[in-house]
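Look at the two complexes coming up: chain A is in both, with chain B in one and chain C in the other.
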Partner chain A sequence: MQKDIKRLSLILLFAPFALWITLLILLPHIGMVVLSLREKVAPRVYEYGFANYIEFFNEPIYWNTLIRTGSMSLLVTVLALIIGFPIAYYIAKIAGPRMRGALFLLCLIPLWVSDLIRAFGWILLLRETGVISSFLQWLGILSGPIEMLYNDVTVIIGLVYTVILFMIVPLASTLDGMDNSMIEAGYNLGGRGSTVLRRIIIPYAMPGIASGCIIVFMLTAGSYLTPILLGGKNSSWFTEQIYDQFITRYNWESGAAFGMLLLAFTSIVVWLGLKLTGQTLANTVTKT
Partner chain B sequence: MLWGYRAYVLAFFIFLAAPLLSAATFAFNDSLFPALPWQGFTLSWFFGDTEPKLGMFYDRRLISGLYYSFIIAVMVSLLTVFIGTCNAFLFVRKDFPGKNFFYILMIVPLVIPGVILGISILVLASSAANGLENQFNFELELLRPGIFLVVLGQISFTATITSLVIAAKLKKFDITMEEAALNLGASTNRVLWTVTLPFLRSAMIAAGIVAFLVSFENFNTTLFLVGSESPLTITMFDRVHKVGSTPVLNAVSFFLMVGSGLLAILSIFVQRDKSARN
Partner chain C sequence: MPDSTAIDLECINISKTFSDVLAVDDVSFDIPSGSFFSILGPSGCGKTTLIRMIAGFEQPDSGEIRIKGASVLNTAPNKRNVKMVFQHLALFPMMNVYENIAYGLRCRGVAKQEIDERVNNVLDRIALPDVGEREIHQLSGGQKQRIAVARCMVLDPDVLLLDEPLGALDLKLREAMKIELKLLQHQFDTTFIYITHDQSEALVMSDQVAIMNQGRFEQVGTPQELYHNPQSAFVAGFVGDSNSWSGTAVESAGEVLKVKTDDGLELLAMPNDARSTDRSQKVSIFIRPEFIQVERTRDESENTQPGQNRLTGIVDSLLFNGANSRALVRSPTDQLIEADIVLTGGFEDLKPGEDVQLIWSCEQTMCFSA
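And then the complex of A and B:
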């Protein structure tokens, strides 16, 4: 009797989980794989094969876009780490206890404002008639308006801005758990600032670095709004290709293939990141 | 040295605030364009009822976007808190074969790009709808792009977030409190409703607020699943993308910043208040 109740409660608790994962994650992805392997040869006649994937590798525009998206995402990840690490260290180790809470909150607030509004804010600042251009003209530094949108540098700045909080939060919470005496010991033993950073602080912060980098890379490679709005027509971001295939050309088969390629690409990078740093997925995600 | 460091931190926070300030400030500029020069203070981008300065509260498309976003966010937040609570009990309290594997499955949706979640659900729902139509000549409108699919798409990854938040709280629960209640003769059901769930309430509220905000601002997944009832982010994106933006978009931005800021503070407050008492 008691055992039956236990079993029943397990089944009841498992049901929502099973429904969610099966209907919203597993089946849709299986459906996408099947669709990506299908090719329309005549109206209502389909053949199965790798034609959509072969098309991707035969058309340089497609794979160049994926490589470009991947390399720019890596650059964004590295920049976010370099810019974010000192901030996280300041929040966790240098700021006083009161200040620490306030700064942490300040870091989190933009997190709750959608990417769209943040990109919109950047547009108002950077465009030809924007705040920075007008201000520089007013100061007399510029003689005419300057367009700062629609180039790669702006896209990278915009992306770093959008994702940097996901780097700072796990870093700050990892560094927060570090005992200050470890740093002091390093100095007492005659280590210089750079040595202490390299031999003590960075190894300790490694779990935070790993989880920040993985989340940031995934978010950047999968982002759509920021490259489109700040990069304009020539942003050539891979998610834009997927949208194009799905919505504009209504070619769902190759859109699904592109989607699988993006998923495979980000998964491989995430997996490599976990292997190289010796972290597990569960630890990584719960940090953020 | 330390001063240089402080200046860097300050510069960083200016960088963080600049676009938000620029988006918010121009909501109050009495000009047809969200740009300098400053033409004086106005509230007509909120309350103006005539063209060309039609305020956000009189702009029918923006208001209906706001309405759909709200409906979607409420549904997502209720459903994901339910799923999240079940998952928390499942993974914290129960033991079953393959538990680690299922735990990883639960986390995976967070590392799948939102665009992929959107298209995969679109593909499955459409092929199901097409199948029904071809086999039984039965059109199931629910499976075509629209609010229902948007809600499903957003649940697919938001449920992971709520599960993690609620499970973290349940892990801190002292099991002896339940045992004490059981020893005093309470039924299992009663213990759940009077001891365990009240303990979890703060985490459930906080998870619900987080889910609400995540849903409200989601774009990538929603983009592929949206039908004729566009939520606010989609409506705004169309306007930003196709030039012709007026400060009414700044007014919406300001409104959303204040709204989500208040909700975020509320969620922190709910959690802190409870932990202080325990």
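And then the complex of A and C:
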């Protein structure tokens, strides 16, 4: 009796999770794989094969876009790490306990607004008739209006702004778990600031760095709104390709193949990153 | 024997305030080379602040710290040749034992060959020659302790600071580590400053102990002096076990003072400070359990010798602990008095509820003005 109740409660507790995993993650992906292996040979006539994948590799614009998306996502990840690390360090180690909560809240506030509105904020600032352009003209630095939207730098700035929180949170929580005396011991034994950072703080924070980088990289590579709105048509983000295949060209088979390729590509990058830093996925998850 | 003229560490009139709280209040002391010096005090007495100022993690508001005669006030923590064993040891978990010990040498830019020699040498000296390749989490508590000491000692510090490093260990290991730390100190022949709130750690290991309370040093002396000749009520109560009463001085006859305690007992005591001899002065008196002699009340005759205190009481309970057995005796004023008894010397059949007499001499009764 007791055992049955235990089992029942376990099943009930797990049911939403299992439903979510199967209905929203597993099934769609299986459907995508099946779809991506289908090839339209004539109206309403399909054959199974790798033609959609082969097409991707035969057309440089497709894989160039993927590589461009990947490398720009890596750049965004590195920038988010470089900017996020000092912030996380300040929150976890320097700010007082009351200050800490306030600072975390400040980091969270942008998340209360949707991606769309946040991107629109950047547009208001950066467009030809936007705040910055007008201000510089008013100051007399510029003679005519300047367009700051629709270039790679703007896309990267916008993306870093959107994802940096996901870098700060895991970093701050790992650094928070670090005993202050570890840092003091680093100095006490004769280390300079740079030595303590390089040999003690960064190695200790490695699980947090790895998990922050994974989240940020995945979010960036899979983001759609920010690159489209800030980069315009020439942003050439890979998610835009996928959207085009599905919606504009109504070529679901090829869109599904692109989707699977993006998933495979980002997974390989993450795996490589973990290998290079000597971390394991389990380690990064449990330590943060 | 340590050379008594060489002073490793001098602190002169050190004070430190943390937002209105006086953590360290005008503390001065000096420590001769090669000695084991403990700072003993209850938690929050300022001992950690004091040691952190010596290490350089805090700046004193006023005063002077000199190491081997040279002021270190303007020296950064990583430039002071004072090493510290932290409360939770702070071994670096991402490095193995060898790298932990080599860290300080690498910071100094010592050649690879020499690092290798010195690390192996120090591992030999702490009798853990083969653990270099182990990870920190593979070590036992006692081994971690020794590695933490070795990590500092490999740098030949002028002074080694230890911040309650035994606090996290279990009792048995703590007893063993006490002896081991003392042996390590002898072996390295370096000045150790040990801070603790555990009096037995301080008494067992130290050459000199400073008793600290509310930011000030109450008394500095050898463990024997502190135990037998405390200079203040705080020291008498804090070091060793004691029964204590507060009361008022009623009359003094020569050296001996008659005290009426607040609960109505009349006790004879020897004043330990001058002020307590005044009439109607409030005093605290202390008597250690081992100085109380327990007698069974067979003869009711009052043959109290002059200068002796004698109380009749009822055994409340017996605390058996081998040679350190103790009886809790309820006094006529309903106070529990601790008295050491030898349970193998005629008291094997002592039972709770029995009437006993407690006898102690006034010389062993310590008295301080309150």
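We adopt the following convention: the second predicted complex is superposed on the first by the 253 of 288 C-alpha atoms of A that agree within 3 Å, B and C clash if a C-alpha of one lies under 4 Å from a C-alpha of the other, contacts with A are read in each partner's own complex, and residues count from 1 in each chain.
In the analysis below, a contact is a pair of C-beta atoms (placed from the backbone, for glycine too) under 8 Å apart; a residue touches a chain by one contact, two chains touch by 3 or more.
Computed from a predicted model, the values in this text were never measured in an experiment.
Aligning the two structures on chain A places chain B and chain C next to each other without any clash. Ranking chain B and chain C by residues of chain A touched puts B first.
Contacts of A:Tyr62 after superposition on the shared chain: neither chain B nor chain C is touched.
Of the two partner chains placed around the shared chain by superposition, chain B is the only one that A:Trp252 touches, whereas chain C remains out of contact.
Of the two partner chains placed by superposition, only chain B is touched by A:Trp20; chain C is not. Taking the C-alpha centre of chain A as the vertex, the lines to the centres of chain B and chain C open to an angle of 90 degrees, rounded to the nearest 10. Contacts of A:Arg199 after superposition on the shared chain: chain C is touched, whereas chain B is not.
Contact with chain C, but none with chain B, is seen for A:Ala185 once the two complexes are overlaid on the shared chain. Of the two partner chains placed by superposition, only chain B is touched by A:Leu125; chain C is not.
Superposition on chain A leaves chain B and chain C with their closest Cα atoms 15 Å from each other.
Counting contacts by the rule stated earlier, no residue of chain A appears in both its interface with chain B and its interface with chain C.
By the touch criterion stated above, chain B contacts chain A in their complex at residues 2, 5, 8-9, 12-13, 15-23, 26, 33-37, 82-83, 86-87, 89-90, 94, 96, 102-117, 119-124, 127, 152-153, 155-156, 159-160, 164, 168, 213, 216-217, 219-220, 223-224, 233, 236-237, 240-241, 245, 249-250, 253, 256-257, 260-261, 263-264, 268. Against chain C, in their complex, chain A makes its touches with residues 179, 181-182, 184-192, 195, 199-200, 203-204, 206. By the touch rule above, chain A contacts chain B in their complex via residues 10, 13-17, 20-21, 23-25, 27-29, 31-32, 35, 83, 86-87, 90, 94, 103, 105-110, 112-125, 129-131, 134-135, 161, 214-215, 218, 221-225, 228-229, 239, 242-243, 246-247, 252, 255-256, 259, 262-263, 266-267, 270, 281-282, 285-286. The touching residues of chain C, when paired with chain A in their complex, are 55, 57, 76-79, 82-84, 86-88, 90, 92-95, 103-104, 107-108, 151-152, 155.
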